[in-house]
Every structure is written in C-alpha cells, then in structure tokens.
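Take a look at this one; I'll ask things after.
Order of writing sets the labels: A, B, C, D, E and F. Residues in every chain begin at 1.
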Amino acid sequence: MATILNPTYRSRLGYQAALLGGMCYLMSMLLIGGNTATHQLIDQHVLNDKLALLDQVMPHSLYDNDPVADSQVIQYRDLFKEPIEILPARLGNEFSGAALNLTVQGWGGPLNFIMAVDASGQVLGVRVINHKETPGLADKIELEKDDWITGFDGRSLSNTSHIQWAVKKDNGEFDQFTGATITPRALVSGVYRGLQCFQHWRQQAQAQTRAKEESGS
Amino acid sequence: MFVATLVLTALGLLLGWLLGLAARVFAVEENPIVNEVEALLPGTQCGQCGFPGCSAAAEAMVEGNAAVNCCPPGGRALTESLAELLNIDLNSLGDAPVPQLATIDETLCTGCTKCYKACPTDAIVGATRQIHAVISKACTGCSKCKDVCPEDCISLNPEPLTLNTWHWTKPEAA
Amino acid sequence: MNAIRESVHRAAPYAHDRSSVDRIMLQVCLALTPATLFGFYLFGLPAILTFVSICLAAIATEAICLLLQGQSISRLRDASALLTGWLLAMSMPPWCPWWLCLGAGFFAIAIGKHLYGGIGQNVFNPAMLARVALLISFPVQMTTWVQVTPLGSEQAPGLLQSLAIFFEQQSIPDGYTGATLLGAAKAAANGGSAISELVADNYSLTQSFLGNTLGSLGETSELLILLGGLWLLRRRIISWHIPVAMLGSTLLLSGLFYMVSHAQYLSPWYHLTSGGVMLGAFFIATDYVTSPSSTAGKLIFGAGCGLVMYVIRAWGGFPEAVGFAVLFMNALTPLIDRVVKPRAYGRDQRGNPIKNVSARKAS
Amino acid sequence: MFGIAMRGGVHPETKKDLTAERSIIRQLPLPKRLYLPLSQHAGIESRAQVQVGDRVLKGQLVARSGGPLSANLHAPTSGTVVAIEPIIAPHPSGLPAVAIVIESDGEDQWMTLPTLDDPLALSPDELADKVEAAGIVGMGGAIFPAAVKLRQGRRFEIKTLIINGSECEPYLTCDDRLMQERAEAIIDGARMIRHIIEAFEVIIAIEDNKPDATAALKKAAAPFGMIEVRNVPTQYPMGSAKQLIQAVTGKEVPAGGRSNDIGVLVHNVGTVYAIHEALRFGRPLISRIVTVSGGCVQSPHNVEALIGTPVRDIIQACGGLNATPARLLMGGPMMGQIIPSIDSPVIKGCTGVLALTRQEVNEHVPSPCIRCSRCVDACPMGLVPLEMAKHAKVDDFDNAQQYGLRDCILCGSCAYVCPSHIPLVQFFEYAKGELKERRNSEHKQEYTKRLTEQRNERIEREKAAKLAAKKAKKKKPSRQSEAAASEPAATAQEESAES
Amino acid sequence: MSTASTPKAPAYRTIFRDGLWDNNVAMGQMLGLCPLLAVTTSATNGLGMGMATLAVLMLTNTLVSLIRGIVTPQVRIPVFIVLIASVVTLVDMAINAWMHELYKVLGLFIALIVTNCAIFGRVEAFASKQPVLPAMADALAMGIGFTWVLVAIGAMREVLGSGTLFAHASLLLGDHFTWLEVTVIPDFSGILLSILPPGAFMALGFLIAIKRLIDRGIKARQERAALAGLVTQ
Amino acid sequence: MDYLLLFIGTVLVNNIVLVKFLGLCPLMGVSNNLSAAFGMGLATTFVLTLSALASWIIEHLLLVPLHIEFLRILSFILIIAAVVQFTEAVVRKTSPLLHKNLGVFLPLITTNCAVLGVALLNVREEYSLVQSLVFGMGSALGFSIVMVIFAGLRERIAMASVPATFAGTPVSLVTAGLLSLVFMGFSGMI
C-alpha cells in the first residue's frame, strides 16, 4: 500500500502496536458497553423462552412456583448417559409434576426434547426443542408439521406396558413414519426412559422427604 | 470487567508490535518476480512487444499490463514458462503474434551496412558495399534493419515451413 | 490421385481392429439380459413397465441433450444411454411409479452425463448417481420392496392392475412388501437383536444366490449376473481386476468381522449374495469412464469399493451401499490415475530411467 | 525360452499371405527417370557431388554425406543428371525436397567396382569405413546410418548382435522373402557385422509365423557357430528394437538410452544383406526389396527396385491397381506414411508400397474417449495413451510427457485398438512436433541472447576504445571502428556453420 | 484523512450494477458461500440472512472507510477483522435484546456473518480504498445483491423441497407479510435432495448457469441492436 | 476409541466442508489444480490445529475466568489473524520455497470461515483440550481430503467438453453437490 500520505512515524513499531492495541481497546470497550446494556434483557428473553416452552407442555394451572429456579440436575447412568435437567412443579407446597429436558440419539444426531409429567406419572406433553433429523422425512416430530408428538399425552408406565412402548413396526403402540422408523423409535424409547427416570427421581425424593420427616419428627 | 479491556488491549498492543516487527525483520526485497521474468525474456531489447526493451516488458507483465504472449521472439515456449511463473491461464490469451524473419532482396541491396549496424543480434552478414544476407538462425524479426534500410529491400515474413519443421497438426475431433 | 491428396490429414496407423463403442455397449447389454429377464419373471408386469420407462427416459434425455448441444443425434447409436438406463433400472426397486422412472432416467443422463459433456467425460457413474440421488430424495419409494410375485403365479398383478400401480392409481397392495435381507439385518442391528438368528430364520443362502428373493429389479440373481460377468470377462470387455478386488475385499472384511462376532455381523456369504455387490462388481464398478485406467489403479479401485461398501453396510445408516461405494471411489479415480501409472518400458516404478548394465569400453 | 515376452502389443490381421508365397521380382523395367532426394536418411542432408548435365555410372557417388550423421548417395543406374531441383517429397506433408534427377540411358552400366580382399581379414574400422562409403542406412524403417551405429557399437561392450527378422507389420514380406531367398548372404553379412563389433553371440530373431524363412536361415547358419536362429512370438510391434531385445534377452533398454547401453546391437536383415553386398562385392546401396501389396493392387509381389524408382512404376510392375485406393502408403499400415503423389520415388527406407481399400483401413469418425483403457493395455511401452492424447489436445505438453509422451515409439498399437477410433498417434506426432518447435525456439532465444550480449560488450569496448583514442589525441578514429564492426558478422557466421 | 491517495471512485451506477449483477458477491466473486449455502433451505431464511448481512456490511464498510487513512499494511488484516468481529457481535447483541422475536429466527445466522468472507472481501477490495459515500453505496449494492441471490436460492430449494414459498415469513417480517406465504405445489412431499446440502450446491450452480444464459441473451441483443444501428434508412 | 470415533466422524460423517458448510470459498477458489489444493490443505491443517489450541487456551484461561464470553469472537479472530500473518511473514523470509507452496495460502485462510467456525464449535461442544485438538485436526483432514478430491475432479472436468453454459463455476458447484451427495452415504454412522 503505497499511499502518498505515508509519514515516517507510520513505520514505527510503536505506531502499529498502538493501532492494533487501540483498536482492541476501543472495540472491547464498545462490546462491554453493549453487553452491559443488553445482557439483562437477553437473560430475561432466554428465561422467557424456556418458560414459554414449559407452557406448551405444562399448563400454568399446575404450578405456582418457579420451576426454572427450582431446577436440579440428576443422573441415571443406565437410562441416559448425560445428566438430565429436571424442573419440578409445585402447587402451593404440593408436588404437582415435573418437566424433564432430555437428549436421545436420533438418526442424524442428538435429539433434544422436553417432556412434562404430572404427579401421577402421566405424560402431559412432549415437545422437541432441537433436532438434526432429515427435514421432510422425520420432522413430523415437530408439532407445527404433525400432531404425532401429541400421541404421548396421557401415557404412563402403568397404562402402557413395556412391550407397548415401541413403534408399531416393533409391535408397539406408536406410529412410525414411513421410511423413517429410527426417529420415532428413538423418541418413543426416550419418553419411556424419561418416565422411568421420573419414577426413580420421585421415589428418591419421596424417600428423602420421608427420611427428613422421620428425622425431623 | 475492565480487566478484560486491559487484557485485550495488551494483547492488541503485543500483536501489533509483533506484526510490525515481523514485517520489518522478515522484509523481502521488492518484487523478485520482475527479475525472474526478465531473466526469462530473450533480452534482445527488440521492442516488438511494444515496450521499450525487455525489462519494461517484464514489469508490465508482472503488473498485468502486458500479455505473456506479447514477445514474438520468445515464442510459445516463453509464453508457457511465463504463464506458469505468473499463474496465468493460457487459454485466456488471444493469438500470439507469429515470429518473423527478415529477408534481404539481393537484387536491391546496395551493401550500405546500415542494417547490420542496426541489428541487435548481428544476424546480418556482408561487408561494406557487398550484398548483405540474413542468418535466419540469429534473426529475431525485430524489423530494426527494415526500418533503417534506405533501399527498402528488407521484408519480414513468417518462418517458412520445411520438411524439418513440419509436423502433424492436431486432429480435429474426438 | 486427388482422392489420395485430400485425405492426407490423418496419421498412421492405417489399420484398425473391428472394435467400436456400440459393439462394446451392446455386448454388455447382452450380458445383462438373463438377469433382467429373470427379474421380469420374479416381479411381473410392473417391473417390465419400470424397466422400459427408465430406458426410454434415458434415451429420450440423451436425444434432447444431444440436440441442445448441436451434436448429431446419430450418437444415440452408441447405445451408452440405453446401457445406463438399463443398469439404472436393474438397481431400482422393481415397482416404481412412472414419475420416479422418468426422474431417474433424466437425472442420470442430464446431470450425470451431459452436464459434463456427454459420453466419456462424466466423473461419476451416471446410473449410480441417479439411484443415490433418488434414494436421498424419495427414501420411501426407493425402499419399498415387493415380494416375489412370479409371472403367471396367482399373486402376480394383471395388466390393468400393473398399469394402475405404475400410474399410482392404486397403491401397492398390503402384504406385497417386505424387507430385504440387508434391510432386515440393519433393522436388527439398530434394534439390538442378533443378526445371525434373524437371517437364519428368514433367509436362505441358496435362494439368495439363485435370486428367488426380493430386492432391486435386476440384482437378485447373483448366479445369472455372475454368468453374464464371466462372459464379459471372456470377451475381454472387462478385465478381472475390479471384480476380483471388490469381491475379494468384501469377502475379507466381512469374514474378519464375522469371526469377531457372529451376532453383530452378517456372514460373508450373505454379504456376497445379497444386495447389489455382484452387479456392482461386474457391471457397475467396471464402467470404463469412471474407473482408473491402469491395472494397479483398478485393483485399488475395486478394493476401495469393497471397503467403503462394507463399512457403510456394517456401521452406516444405510443397509446397502454399492452405489455410494462406487461413487466414492469414482471421486477418487482422478487421483488414483494420477498417482498410479503403469511402469513404463525402460523406467522404474517412479519413472526414472533404469540403470545401464554395460559399461563403455575402456579406451 | 524367449525370456520375458513383450508387454502389451496387438495382433492385427497379418495379410502377409498376399505376397509371402511369391518370389521376389528381380527384373523391373528400367525406369526412365530416377529421383534421389538428398535427404532419405536420419540426420543431415547429403551434399550433391554432381552437376546438371553430368553423366554418371551405376554405383557412382552422386552425393556425399553431409556431416557426421548423414549418408552417401549413389547413382542407381547409368545416365545423365538432368536436374537437381525440388520434387514432392515422399512424405505426408507433400512439401518439396531437393532431389537429384537422373535420366537413365538404358544401359545400366556399372562403374568399375574395387577389387576386394577377404573382408574378415580387414580391421573392423576399415570395414566400418566401407559400410559408410556404401551409403547404407537402416532398412527396417529407421533409416539410421548403419556405419554410425557400427562405430558406436565398437565403443561399447556388445555381447549380443540381434538380426531383426521379425517383420511384424501387416502386409510386409520383404524381409521374409529376403531371408528365404538369400539366406547365405544374410548369414555372411551377420558374420561380418559380428566381426566389426566383436560381438559374443549373434541371434537372428524371426516371428514364428515365418517357418520357411526360419528353416532357410537355420540351414545357412548351421556351419557357423555362435549364430543362433530363434523364433519369437508373432505380435505387433515385435520388430521394434526395444521390444525385440526384451523378448530375446529379457532386458530393457533404459529410457532415453540406446541398445548399446545394455550391450546389444540390432540390425534389420535388409541392412545385413546390404552390408554383405557392400563388403563382399563393393556394391553400394542402390536397390532394395519393396513389398507391393494391398487390396487395390492387381498382383501383389515383392520387387527388387532401384532407389529412386517412382512408385507408379513398381505398381505397374505388379499389374497396376484394380480400384482407387483409400490410402496409398509407403511402409506398413501401422507405421507407414501416406505418399502424397504416385510419382514419389522409392527411397532407402521404403519397405513397402501399399494401396489399401476402405475396408482394410477401417477408418471411422472419432468419437470421444470412453476411457476403456484398451490403449493402455496395448501399449508395448507401458504408457497411458489416453491421458497423453487428452493433454495433447489441450496443449498441455508437460502433463502429456508425465504420462509418457517422451517414451512413445509411435507404434500405433493404441490407435489400432481404440474403439472410439481416436487418432491417438496423430496427437502424439503433433505434441512431439510442437515440443521440438519449442525446443528450437528456446535454443534460438538463448543463442540470440548470447549474440546480443556479445554485441553489447563489443559496443562497450568500442566506446572505451574510442574514448581512449580520443584521449590519445584524436588520430584516425574512423578506420578503427570499421575494423571492429566487421568482426561480429564473422562470429555469427562461424557459429551458424558450427551447428 | 487522505482522499488524495485513493483511486478514483467508480460511478454509483457502476457500483450498483456490479453489486446486483455483474460482479455479484455470490455469483461473480464466489464469496460468502458458506452462509449462502448453509441457510438457504427456504426463501425466508435466505431473506433473513441477507438482511442481517446487509446491515453488517453497511456498518463495516462505513467504519473501515473512515479509518482507512490511519491503517498500515502491517496490521491491516487484524485491525479490520477485529472491527468486523466487534460489529457483528454488537449487532447480535442488539437484535437479541431489542428484537428478540427476530433474533429467534436469525440468531444462528448472525454469528455466521463474522465468518463470511464476503464482508472481509468488500472491506479489503473496496472500503479500504474508497471514501465513505461510495463505500456505503458499495455495501448497499453488494448487500442487496447478496440478499437477492440468497432469496432466489432459498426459493428454488424451498419450492422443490417442500412445495412452499416464504413459509413462516410472517415470523420474520411480521403479520403484514402473511400473504407472502404460499403453497406452490399442494400435497407435494418434496424432493428431499434440494433442501439437503447437495441441493444447495446444485441450486447455486444452476443459478449461475441461468445468469450466464441471460448475460448471453443480453449481449446478443446488444450486438443485434448495434448492427441495426449501422443500417441507414 | 472415543477419540477415534470423533476423528472419523469429523472427517467423513460431519465433513466440515460438505456437511457443515464451512470453508467453501477456498474450496471453490483454490481447487483449480492439485498442487494448489494440496498446499491449501496443508496450510489449513496447520492453522486449524493451531487455532483449535489457541482458542481452547483463550476460552479456558481468559474468557471463562473473567466472564467475558461475549468477547469470544473478537479475541479468537484477533489471535487467529495475527498468528496467520506472523507465520506468513516468517515463512516468506526463511523459506521462500515453502512460501511458494504454502505461504500464499495463509492470508486466504484468515478469511476462511472454517478456522473460526472450528474454534467456535469447539467451545459449543465443550470439548476438552485433547478433543479440541482431535476435532481441529479431523476437520482439517476432512477439509484437505475434500479439497484434494475436488481438485482431482476439477482437473478432469477442465479437460471435458462441458457445455458452455455450465463450464467453469457452475459445473464445479454441481460436482461439489454430487460429492456431498456421495458423502451422505456415511451419514448415520457417527
């Protein structure tokens, strides 16, 4: 770059260092400013998004606590490799259900979904949050495309047997999509295992409270 | 939070200094390619390319102001090596000028010696006041002789085809 | 005298053997005929409709492309479009709807071949390209396998019913479809059950070899394909390197893993007798245009086809992968051709002149 | 038995039965005019030693070798030199070439031939000189001056002399007939060559489709040890020196090298016969056996024709044509050349004259390469013809060489088998020609660059001298510069004469 | 700030012609291909990405043109890149905070813009050598050019892949634009290939081929017109 | 074993170019001939590995401890750009030969989104240091393989008589699409 205006100070090392340093300073200040101005709003949005999703699977009438704030992370290695986020719902002080954030392996990669279960262990609703399945073939798991996902509503470990928790092709209760069985299979089994997790967690929690009560009394 | 700014600024200062330093310490001499190109050119400074000599032509080629096939004495071989050096697609070039050879019309030549003084490659033979002739092996077709010939007896023609230079043409189809 | 002068513009040789492109292509078609006829017999009239319409679509597309490029329509005579269509049809499900057939022929010839300038210039195998593109685009239709319904048998659809199926006025009757051996094996693997039991229960090796089983239109009878392939070998239209390398590497790999686990992996004999391996090895991987030209290159190519095919069959998302494997190796072919050249006379393998053995006389 | 046989190669229909059973026609009517191009051998043109109007005798030297790589030329019959002028060369280009035209006087009168001692008693170098004097060049088509080859052979340790009787080209039977009819002469010639190059063994290699020739030579060779007559498989291009050496000795000639390098010398039987004639009888090379054949020839035969005989005459001697030929060739169909005019003369390297029908040529419009790799399999040199042609087509000669262009012997096997009828060899001829042109222009560039530098230096010197002269009080500067100026012209002249 | 050192700015007409057609970022310069191919599964996505890119391009081109006088070759690249990265991050934050609905659709794409070669390409090729106004014009032209190509490819892939056009456009543009959402081919299950990665490459390939055909047509017409102009009376 | 799976997955199944759509500009720009493609592959491998390492260090030693994740892009790209440019200057001086083969590609790489993409993906997937490196190298290998294969194909296509409408870029793009179609065969393998 042979500019006419090319005074000698330009070729000093100090100038170049200062230029880049100054740029970095300026920009990081700018970003810090931007961040301070926006981060609260953004955090709020993220929380709202989460609640909105929760709303879809769990009726507002079921809880009056802040499930997000009460959320805890649990792990059942034999059911899910990864830790599970669980959002408990309480009405008054009464346990009224919980939402579980789960991930299973689909055809094209991880399949992230949220499911809500009421206190009796019945599925209230399931929604897929994130997935990499083939569009057009397996995206009927999204509610906007198909109501297949509502097929889980009302199911529980007691009203559907172990064998029935499978796609029809595997002699179960649930429809598969023609030509794409793996995705439904993964979801069905994910919900089934989710219910089992819920059950374990419930039992543990109940045992704990009982223990607490006992030790307290 | 402002530690962050500090860190980044420091990083910027450091990197800026480093890059400035690198540019200085590792500076390379100005365009070595021009020299390389010039070394490839015939060096007869004949001017057929339209530039005042080979070094001007080399500069123009490197800057993209001259086609790599503009030098008729260099011919196709030169064009190809230049194209490779400068990474130019040969197919993008138009037709190259054909190399020429000078011939002296013996019936008109008066032996004035003007042509052989002008010839940059000493391709013209013949002493004063004798008929001059061109050694085709040494003639680059620069037309300098033609320009100075007072009798207008020099003409430039493409090299004639002989049994030695003939070869099969490229087949048409397939 | 004048006549002699006029034709001066072609160099030696002034003799030529009697080979020509159309002869080669037609002989390959001939070698395919037994397996094709057997496919017609197994799957009945809808299969014939499928076959004919794919071939016609391929030829029609070829004609249009030739016209668009201002080439002589007589190029059609080289029969390469027919052969592409033929092989494509053989690798398609036996009962395809009309639009799938048209799309297949069109894609193979227009995108797979003429986009690259026509015969001999394409880099991917046109037939396999079309097959794979359709598999990805229409997974449902492309994985619908009908049961064997031999011509003349009770279940075989009649003419009207066949037409109705072909034009999708009527869906394929329930109970007509099933799973291929490879499909079932993949399902078993996905479902976590033992492959060996499933296969032993439902599929017979002999039937798989003879071809009395469901699958693509022309791929089921390994026997007839093998015979056709051997005939081509004898006619010197193909050389043994690619088929042998491909079948050999498949056998080797599948044997190896079968020994590791009988439950998890399918036996090598099933690998060799099901799906499109045999057709692929003799008729598809051997496509001149898209395979390497040197002997060593052919061996590498064939072995690569077997390897990729096995890897996908065993661990990938698709039950069958001859098409993918061939296409993958097609992509590598230019590189193979560049790296693996025959050893030239008087040079070593790396292209340097061999050493002189005799010294100059002293003096 | 044969060592490692040839790689690749093809089996064209031999068509040798057209002429193989017919003996050589020796007595052709003497042509009225004979045309002797000055360049009918590899290397530099010969220089005419006669002038228009000179009378010459049969066997008399009419043109002398033009340099170290050249050959003498002799009058094939007695008569008068009527012209030394350009004629249409027997070459596909149809370009003119200077020839000595001799009008025969019908007497066919030999000059007095030198008296001869037993050649085997002479020293090898003397013999080589005699071969050179006789103007003998390779008769198998390579037209390389035989004496040059012999002398080169003397500088190497030659173990094996291979006499090339393979004659693998379809139609051609001139060597076959020669071997059948003049076996003793060939054996004699072989012994003399062996003497010259001090070879250890002599192997006469004949394709196994010539049993009669094999038998004749075996019989003639029987009295002499160390001459072995061997059959090699019938396969084109078995006659090519490199392939023959491989088939006979199992060895390969290194790329870019000669057969000398591995201790082998190859000569064609026709050459051997000519050497015999020269050394035994002092006869220079003035005639050769030519196969006249092809579907258009009325009565195909081998003829013994004087060098310089117009093709028209020898065809007429074989009953003329029965149809317009699709191709009129000099040499075999695989490597031969189109002759542009039926009046072109027979030259030393002319093994045959073929008039082929359309069916025989079987030429089609080329279609695109389908990469069938038949050409790769057919190439006896282990090259990749399809890639060579493809790159030549887009003028990418570097890559064409990568795939073997340099090693290509232009045998035509690849083009013979190509189902797409691609004129592969023409691509290679084109590429090789372009490369040669390129090399030449590079040389010229280097040369002119040197000249310019020299001239600039000289001008500098002159200037300096002028300056010095001025300093030394201006005394007659003009003469000095004139003297200096005539110097450069001399340099250029000298250099041009040099190379 | 020196204007003396800058080459003459091209006419605005040329700038726009180049940006929209002749030297279009995606079809002529072959830059910004990653976002181009990654997000164009539908026309709506393409539009969103295009607009976001346009915004960033405007900002960066302007800023770079402003500071071009003080930058030295030694640190040019890092300085520009830092600037671009910051602008993108800021835009990202801003949209997320104040246009959250839009962010939900675009969020993913905005981060991708940093890595868009086209931005850096324009900065280097144009803004760092030209005054502010032409630089802005160039950004506008190139941005719009990029956007229309994105929309075109998105539309091609969407129609072929699912039979709809501008599906969910109202989410991006607001409810006024519901009319944009059309179902082109009803009951069409779609050619999956076209919304999968291979379809992206092919769609761009065919789009460029179409551009060539049009260019050729235009040229032929011009030639004809020129010839006609030579005909007197 | 896990590293191996990650590696194979990165190279073949989730190929950075054909599936993740990163680094396409150099793919289309520098694949005209094999040796250039090879050089670009090597250079990218170098830079990708380095940037995977650098970004991990910055992320875990700077950004996370200071809670300034929003400066991530800025700091990553700053480091990458500087490192690349510094390397280029050094190579140009010390080894003109290497520079001829490699150096010319280095500036191109700064603006190649694969480099930043990989760094960001590393963070998103929460890879450990070793995983980051494996991922970086896998991506680079995946990039190089596609680059070289594609260059081979393009060299062949360059000599084919492609219809004028498609010659050059369009046919290259379609070929890239077909190549990505072929790579889909590996999907579902993870």
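Going forward, contacts are C-beta pairs under 8 Å (C-beta built on N, C-alpha and C of every residue); 3 or more make two chains touch, one makes a residue touch a chain.
A quick note: this is a predicted structure, and the numbers were derived from the prediction, not measured.
Enquirer: Taking mean CA positions as centres, which chain lies farthest from chain F?
Expert: Following the centroid criterion, the farthest chain would be D.
Enquirer: For chain A, which other chain has the most distant CA centre?
Expert: Relative to chain A, the chain whose C-alpha centre sits farthest away is D.
Enquirer: Provide the C-alpha centroid distance between chain C and chain E, rounded to the nearest whole angstrom.
Expert: 42
Enquirer: Based only on mean CA positions, could you tell me how far chain A sits from chain E in angstrom?
Expert: Computed value for the inter-centroid distance: 34 Å.
Enquirer: So the centre of each chain is just the mean of its C-alpha atoms; given that, what is the distance between chain D and chain E in Å?
Expert: About 67 Å separates the centre of chain D from that of chain E.
Enquirer: What are the residues of chain C that contact at least two other chains?
Expert: Expected reply: 10-11, 117-118, 121, 133, 136, 139, 317.
Enquirer: Can you pull out the residues of chain F that are in contact with at least two other chains?
Expert: 68, 70-71, 74, 78, 82, 85, 161, 166, 171, 174, 178, 181, 184, 187-188
Enquirer: For chain B, write out the residues touching at least two other chains, lowest number first.
Expert: Expected reply: 1, 4, 8, 11-12, 15-16, 19-20, 22-23, 168-169, 171.
Enquirer: Looking at the complex, which residues from chain F come into contact with chain B?
Expert: Contacts found on chain F: 62, 66-68, 71, 74-75, 78-79, 82, 85-86, 89-90, 92-94.
Enquirer: For the complex, which residues does chain E have touching chain B?
Expert: 72-75, 78, 82
Enquirer: So in the complex, the part of chain D that touches chain C is made up of which residues?
Expert: 7, 10, 12-13, 92, 94, 154-157, 159, 170, 242, 246, 251-257, 260-263, 324-329, 333-342, 354, 356, 360-364, 367-374, 376-377, 379-384, 386-387, 403-404, 407, 410, 412, 415-421, 423, 425-426, 429
Enquirer: Quick check: in the complex, which residue numbers of chain B touch chain A?
Expert: Residues 1-2, 4-5, 8-17, 19-21, 24.
Enquirer: Spell out the residues on chain F that touch chain E in their complex, using ranges where they run on.
Expert: Touch list, chain F to chain E: 18-25, 27-29, 70-71, 73-74, 77-78, 81-82, 85, 107, 110-113, 116-117, 120, 164-166, 169-174, 176-178, 180-181, 184.
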